[in-house]
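Order of writing sets the chain letters: A, B, C and D. Residues in each chain are counted from 1.
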Amino acid sequence: MSVSAAVAGASGYAGGELLRLLLQHPRIEIGALTGGSNAGRELGGLQPHLGPLAGRVLEPTEPEVLAGHDVVFLALPHGRSAEVAAGLGDEVLVIDCGADFRLSDSAAWERWYGSPHAGTWPYGLPELPGAREALAGAGRIAVPGCYPTAVTLGLFPAYAAGLAEPEAVIVAASGTSGAGKALKPHLLGSEVMGSMSPYGVGGAHRHTPEMVQNLSAVAGEPVTVSFTPTLAPMPRGILATCTAAARPGTTAGAVREAYAKAVAGEPFLRLLPEGQWPATASVLGSNSALVQVTLDEEAGRIVAVTAVDNLTKGTAGGAVQSMNIALGFPEDLGLPATGLAP
Amino acid sequence: MSVSAAVAGASGYAGGELLRLLLQHPRIEIGALTGGSNAGRELGGLQPHLGPLAGRVLEPTEPEVLAGHDVVFLALPHGRSAEVAAGLGDEVLVIDCGADFRLSDSAAWERWYGSPHAGTWPYGLPELPGAREALAGAGRIAVPGCYPTAVTLGLFPAYAAGLAEPEAVIVAASGTSGAGKALKPHLLGSEVMGSMSPYGVGGAHRHTPEMVQNLSAVAGEPVTVSFTPTLAPMPRGILATCTAAARPGTTAGAVREAYAKAVAGEPFLRLLPEGQWPATASVLGSNSALVQVTLDEEAGRIVAVTAVDNLTKGTAGGAVQSMNIALGFPEDLGLPATGLAP
Amino acid sequence: MSVSAAVAGASGYAGGELLRLLLQHPRIEIGALTGGSNAGRELGGLQPHLGPLAGRVLEPTEPEVLAGHDVVFLALPHGRSAEVAAGLGDEVLVIDCGADFRLSDSAAWERWYGSPHAGTWPYGLPELPGAREALAGAGRIAVPGCYPTAVTLGLFPAYAAGLAEPEAVIVAASGTSGAGKALKPHLLGSEVMGSMSPYGVGGAHRHTPEMVQNLSAVAGEPVTVSFTPTLAPMPRGILATCTAAARPGTTAGAVREAYAKAVAGEPFLRLLPEGQWPATASVLGSNSALVQVTLDEEAGRIVAVTAVDNLTKGTAGGAVQSMNIALGFPEDLGLPATGLAP
Amino acid sequence: MSVSAAVAGASGYAGGELLRLLLQHPRIEIGALTGGSNAGRELGGLQPHLGPLAGRVLEPTEPEVLAGHDVVFLALPHGRSAEVAAGLGDEVLVIDCGADFRLSDSAAWERWYGSPHAGTWPYGLPELPGAREALAGAGRIAVPGCYPTAVTLGLFPAYAAGLAEPEAVIVAASGTSGAGKALKPHLLGSEVMGSMSPYGVGGAHRHTPEMVQNLSAVAGEPVTVSFTPTLAPMPRGILATCTAAARPGTTAGAVREAYAKAVAGEPFLRLLPEGQWPATASVLGSNSALVQVTLDEEAGRIVAVTAVDNLTKGTAGGAVQSMNIALGFPEDLGLPATGLAP
């Protein structure tokens, strides 16, 4: 038996990836697709890679269009999600790919987003301790940000095992799709190809408080995060280099054991064999997160590197994985575990 | 009921793509994987994007390893396919992704490849008139070359409809995976990124006689082909610009009608709406071929452009599509019709 | 003794490249820099690669700002050049990088641009027969389009030698900077990286009549041009594959001789040794054009391939080269003949 | 009056970049070019971007070929430099782009390179305190590694001003040319395009001890360095994100002042205006290093980001800059301060 799913924001990159995945999902029937300024246009001109849906026409992003579906995915600018969600009843599973419901600390939300906090929903990162329990049967899900997904998966095993000091230093490279389809000069192909550049440096990126929230929860104490995102000349993928000072007495063996334990049984979190480091190409279009870790004895730091596809595991795949849990489907149903390489 | 499939040459790009597709195929059980110099190594270190097969060990490419499977895919250097195939019995469906059995003209083979011709197998381009009939129940299949796939799909409708003069001029851009994993200086990332370059210019590329063969068969007369391949700074994808002088009296409407007719009912050949031109990103990892065509009235030429993924529709996807026909499966079973974009 | 040069449109790609070259030119003193909507901004925020000019403030693009310089370069949208030039006196050498004064046929201009024809200026492609004579001492210069530069250099030797039929078929790949800094969705990095796509197919690109004009002039008879431009995933560079049917009796030797003669003594046009084909990386940032040619005996076509940097030889470098001629400087003064590779 | 310069290792990327710069240098006459396995070949087939030297033939890398020049640049594998240098007399200025003479600590050398230490030469990073004095009139110069150049320029101002704790955490992204022309599978274009990957993680990269040496010297105490290099899908450029915990009481103003002081009067080190962050595209082919810094108050860290071209400022440009100092030329003679963008 199928469930029906609507996608709000179907003309953007997150919306397109949701549709790519939902088309492959054996239990989903794709319902209404909505757009903002693109309402009224055919999807084929906006998402030419989604051939089977080429003739579908975008409807306006209104609750009445979205209501009546079993699941509604929101791939909207932050702020807009809360508005739309308010118009949807409890019988609809609402999965927000935006930021509105990720933070539990209202003060943090208001400081970072400058608007009233709409609330906190169960957090769609199943690999986190306790997350699956909160997602099972949930009616509302907040999908994590792409960077927080990569970074949390990279460091939570160290914090869960009590091996790391509460001061993380993280540098991540993201493909340009992470910035969306907005027409900004620095996102032009001429600017990004052949070039790397940082942005949101010095604690200015809005994903930082989400990382702080996740790592602090696992560590059981406040963790500070120095986070530097960089824009890489590739359409997709995040490579997150996540480091933290090792607690005194930490051994390489203990680090490895902690990570091995964290990935045990996980369908989409894979610890690579020792010596093999992840490349983002290995997870293109895949819901898998690859992780590798080592202990730099000289510098006294744990260094973990994760590779995820920002649009798949980092957004749409994480959303579908969480939906599977909420609806009681097998967690990996319809989700690709292989990447598109080369 | 599943059929078992072995892949010879599993460490290369074509072999990797075959495995990516076969993992998604609901009727296939993946059997032996073989390699040349990589025999004995684990697949995880060679194809890190194929997580579910990471622990599989490559065996040597020998008939005795491959025999006993229902289907054997050969992704081997030309010349080697014929050797291996000779050791496999009629009970095995052998699908060769190499060049050995593509040409029907022994003289052409020997001139282009400098070795004795091994024979001609049913040709795995189902969209060609008559191809499906030859593939149904076949025990041996020759998968077309990636360029001939893109070019033939671009021009056969014009020749089938008698609209084009028998002198085609074609320029195609290919991603670097078309050149395989061979370690050649001009294939280094430092050389190819940010650069376009031609090769095999002036009729020197071995895919030329295959295009001549296909287009001549459809046209019912000898077609000459001026073919210039170029190497583009991307891992995958072929964009083929295919032109031919229009026969006198040809109208834009007749051209469009010919192409519309050619794609009618085709699961993987899609004619875009007028005015929309194909981009290779739209077919990444997809078995679809996108085509658009126009009539340049001033220059008197039909100009068709096709986009395919050289590894999917151009190699491994075409192989699986042909296998589906040979085995009586639905032709599109397990094959992605959507691309990975952006 | 230096001459002063102003650049109108200094915030665009052509303007930036002009400044990069003029900074290296030993006889030029850079004067006013102007911008449209960017007037009033510092150049450092718009062209961060031009460190030595970072503090310069853009002035409005008005004749009174530009007057008083020895040379004025116009890097403006078409239509705007003619307006601005009309306000500059004969004592100023005006060099237009736009299209306004390239075409000699008023009817063609009006058909392609939909506005009244402003006139025809000496054409800044010194390699064309007769061009240097017209440029020497000129007070107005029309810089060729980037595609017409690449294509004309690729085929004029064949037409000058009477070896080619008057029906050229050309496919060219361009880096994205050829499309300028305009904020269009298809120019986003996420869209262009890893993808090739055509545009302006079927005779729809405005550079086509310029190619027709150039090749017809050299051939002494009307030449038709089938031109297909494609967008390649690189910031700079044009690779033009230029073909024409060989006149009966044409030999490979005659073709080579024609090209060797055409490049003899040329400072920036280089015929590669036989068997070596040009890559755009070899001319990045260089004013050189690399060309190679062969005769495809089977298809009966001459196939020439040229590589230029669309912003250097294709725009700003060609402009400076022409300026050098007009002012009586050595033609190669201040112009790089080497590319930036890898 | 010109000085003659030979380049040993002219077929590699560092050698090619040296030649590109030396061709533009007004006081240099290019003498012998040597190669290892490429000896006897013409440069045009190996470095097609260096048109003016296309006909030069590579000689074997032997002291007798190199002797007799005023300057000899060594762009050789480590270990080989020391051998060749031993055969050159004191009358020759020898500039080694390799690692042999960079480290002052013999034990560190032997630990990292596994061979006897050949000695320590004046260090070619003029921006470091005291470096210019050691370079003036020097007869031997060790050019820094590309990563140590970027990292040292990013953090030495903080350590010189006593603002940072002696525990640096650094993540850098490099273009693929940093890995040279070696034919390794992971350097194929198909592998690197569209992908980011780390290597030498956990303190395993040989450039680490050089960073430790530089930063410790400036800090006046041992500095530990956690360094993670990553391979980015671009041919050139390094973006180094360099962080260190701020000493208690450090203010944003003090940080900015320290960096402003460090760049004052430097011809090639530029601190960007506040809020503008460096992109590697801005320094392509340029000898400039761009730097920006901020204080992350929440995380308590100084975060500096530098962009350099690994082949120019990071290797060949740094070598020429140091040569200029050694020979008493103006330090910026013949060196480009502008980058090639877009």
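We take it that contacts are C-beta pairs under 8 Å (C-beta built on N, C-alpha and C of every residue); 3 or more make two chains touch, one makes a residue touch a chain.
Just so it is clear, the model here is predicted, and its values are computed rather than measured.
Think of chain B turning onto chain C: fitted on CA atoms, that turn is 180 degrees, to the nearest 5. In terms of C-beta pairs in contact, the better-connected of the chain pairs C-D and A-D is A-D. For the pair chain A and chain D, the distance between C-alpha centroids works out to 37 Å. For the pair chain B and chain D, the distance between C-alpha centroids works out to 45 Å. Among the residues of chain A, those touching two or more other chains are numbered 13, 175-177, 188, 190-191, 193-194, 233-236, 278-279, 281-282, 284, 341-342. Residues 13, 175-177, 179, 181, 183-185, 187-194, 233-235 of chain D touch chain B in their complex.
On the side of chain B, the complex with chain A involves touching residues 13, 16, 20, 23-24, 44-45, 47-52, 176-177, 193-194, 235-236, 270, 272-273, 276, 278-279, 281-286, 288, 290, 336-342. Of all the residues in chain C, the ones that touch chain B in their complex are 167, 169, 171, 173, 175, 188, 190-191, 193-199, 201-203, 224-228, 230, 232-237, 239, 241, 243, 245, 277-282, 284, 292, 294-301, 303, 305, 307, 341-342.
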